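Structures incoming, each one as structure tokens.
Shared chain: chain A. Partners: chain B in the first complex, chain C in the second.
For the complex of A and B:
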């Protein structure tokens, strides 16, 4: 029955496909370009701009002009300098939120989905409690409870984002745990935590990576919101939320520029993160 | 073929069902496999072949449970009634070859790394695992083990993947290899190669093999003994020669006849099985 079939000319072996990296979604490229561009401006431009903290009473609340492109705030500080100066801080904080939430969420989600049983119950009930609070309220609660400070504001925003990561990862882990390569490792006697780390986690984090980019965008909004309410970053530090908060009192007097421009930058950064997230989500459906 | 064989695997009265009171999927199954021999479990889809193999490996999904009987591999119990599931660290000497070789490999890890990991899990040190993994890949007929070792599963063919899986199993030197439809997803020429490789491996390792298949022709070439499952019930056990030439149970007779082309395929399906039990 095993008579060999002979090809007249044996077909050449296919060269391994390495097309993965060349198929980066244009949305992802656009989002990354936007964020990297912002960061570059944030690093370089401050050298050519006035001190973001320097006040000048005589120059207070000037509308945009050739000298002050974005105008000045009520202390006479240059809004352009402050907006640009805040790029590094805001993007770093947003990234920190996304990374923290991703790490905690995927670890818990992998454990819950892979271990099942009591572990799953405990983790998911805890997540249910977290998810019961509106995200912004939870972030405020945590930031207030832990203490006032940038780190705690980041922790609050990250924690509020954790439930979604856990659910996404757990759902994937539930199906990965029944895959043959996981079963094969179990038969070999590989320890459960090792299997979870080497086989289940890497294969379960796809949706969570998309979510991380999304959270990066939302985190900027949340952090700005918290700063607006006086939690986290404080004046006179240049931060978009702080700037909007400071400018808000002046808007009724027609001084729109000290709030509008930081708001636009929040929008830009959020769009950058969301483009990456959206692009990756589309890539995963291919 | 000597007389001094010991039974590597003994299954006695294995009964598997859905939960505690649901339908029974495998009913009172008993057999033994001697070291160095191949036992085939033959049966149609849904006859309980795969459930049997999962039960023996201790990998039943949570919804299924062993209701009675026990399985011993090298004298150690791997599955018995009342045991929910195996703990991760009580290592049993079983290697599993699955139907879909691609699914049996982690898609995000290079093949060499997976092979080394499985060797490390078996207690080898890093350097030894490194060299042994290349040896193993060569043993299963992979010409350039270094390049293949660096490839991801999606970069090599299904037949290659199955060779890698076999290399992994061989590396663990198990007492029992469970091969669940190992060639079903492969095309015919590759099938023959993989079966030949499997046969050679068994001879070299001297381990017992449980070959699950729906293909009587495959079973006939590979197996020393055969067990025919029908609706979860063992209807015939014996040497391959006996089952192929002198089957006693009506289902087996029709199965063999169908393969030989003596009965139309329909004849097997028309019976509802009531009289066959």
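For the complex of A and C:
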């Protein structure tokens, strides 16, 4: 079936109810199921797997077998155990990035949009400058400047994601501050910050939630990328970026399993987040 | 036009100044002593003082910033502690390698993504649309450094179609005479086809890696822009006049979807430069990205600052150039700019 190019009548205006109900779109369910499934495996499976840090020189760089489903790396560690062990860490860090960026971004965006004037001007000029940097480049700079550590890598990735949240929330806040219920609160003498917190913020976060899911996905990629460069999470910790980095030197010798599997898990996790974002965006726009 | 250009140039200059401020202060004001960052922990106080003096960190912060800015004006980005050479010079030498890789990747991305995006928009709501969207989600979820390794494994180890990734030319080839600094282009310009083939064989995988990432983004963008255009009044008009769908897509759809797509390219190129840090490291590609990862590994502050500054400035200048071109081509853009 092809969509008709000619509409006999203009499309019906979308009701807010429809937007809300379609948040439970199959993509969102699929994405959530994928992430929850991964987390469940990440919590339960390590009890049945070898120690992800246990080395065995005799077993180094063995291809996948019945004993080691994903093979072993060059220190003889079980790749399956390490890949599974990294789920909790990688997903937690990605969530931390998304939550931090969401919180900072929506607070700043609400303030800018609702207060207007000088506050708006200062916040937005600063955000414009941050947004000029490519996200991964800014994350590298911040992680480098703050010093080496997981928290700093998270801070760098989160900071790089803040501008988009501010812009989205500010645009919504600008339109909401002119609505009647906000005006009514003002007339009743409610303080501006209270109005911002109780009326403007909850109503301006819709697109920001879509963005948060998207940021979760890119944070997985950025954090693994930083770890690959030796910033943030370090060996011997089981982390997908670290594992790919450790396996990268061996791939030209045909040892593919030590970097293939962690990369597949990065893909799965990022797809999970992006499906949620994509599904919610459709609920809000289409 | 003059007024629009003036305004746009002014905002671009402010953005670049802002980038300088961020690049400088992020590495100085942040808690912790930058001298300790450079020298490492557990150094004697005398050694730290020497490091501070060497990097001009022994004067007040604002004076340091003034020195940094005045240095930038004459093209001084500081000296790399790894090589002892001026950062500005090293970066200039490395720009062609990265530019070549990113141009190649945009070429790959355009060839893959443009038809897919248009097709998805034309078949909106069908399984084709769903498939393209799924492919674009997957493409934006792949770790660039991982897909790079997978491609290396398949094409150089398994199929042995391409040489081992050891930089811009395989062993035994000399770089072509320097014209643009992009080996493939220079080799073609000087008619050296053997070198062109060799350089192209090294360029394919890094270009394809970055190109795949860009393709996901471009396919989604093209699809959404085209859907909007195909839904518009003038498309309905053309269709009702009996003009074929294919012709309407090219003539009305693509031409109108073009500007927003090309504008988004400036941001895309920025993120590709970010991706280059990882991908160039894997392909031993001697460009800006490799420079940044070397700087990171060696705590080479001036080199990293120089890279970040260039990446930020590249985005600002590219979007400035694109905006000016549009304003020149399309009077609506400059009038809208003047009103707002």
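Please note the rule applied: the second predicted complex is superposed on the first by the 262 of 286 C-alpha atoms of A that agree within 3 Å, B and C clash if a C-alpha of one lies under 4 Å from a C-alpha of the other, contacts with A are read in each partner's own complex, and residues count from 1 in each chain.
The criterion applied here is as follows: a contact is a pair of C-beta atoms (placed from the backbone, for glycine too) under 8 Å apart; a residue touches a chain by one contact, two chains touch by 3 or more.
Here the structure is a predicted model, which is why all the values come from computation and not from measurement.
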First (chain B), second (chain C), both or neither touched by A:37: neither
Chain B versus chain C as contact partner of A:134, first or second or both or neither: second
Partner chain(s) touched by A:63 [first = chain B, second = chain C, both, neither]: neither
Most chain A residues touched (candidates chain B, chain C): C
Which of chain B and chain C A:235 touches, first, second, both or neither: neither
Partner chain(s) touched by A:26 [first = chain B, second = chain C, both, neither]: neither
Chain A positions touched by chain B in one structure and by chain C in the second: 1-2, 5
Residues on chain A engaged by chain C in the complex (per definition of touch): 1-3, 5-7, 125, 128-130, 132-138, 140-142, 144-147, 217-218, 221, 224-225, 228-231, 240-241, 244, 247-248, 251-254, 256, 259-260, 262-263, 266-267, 270-271, 273-275, 278
For the chain A and chain B complex, residues of the former touching the latter: 1-2, 4-5, 16-17, 116, 178-181, 183-192, 194-195, 198-199, 202-203
Interface residues, chain C side, partner chain A - complex: 15, 18-19, 21-23, 26-27, 30-32, 34, 37, 122-126, 133, 137-138, 140-147, 149-150, 152-153, 156-157, 164, 230-231, 235-236, 239-240, 245, 248, 270-271, 273-275, 277-278, 281-282, 292-293, 296-297, 299, 304-305, 307-308, 311-312, 315-316
In the complex, chain B residues that touch chain A: 57-59, 61-62, 86, 88-92, 94-96, 98, 100, 103-109, 114, 117-118, 121-122, 151, 154-156, 165, 168, 172, 188-189, 192, 195-196, 217, 221
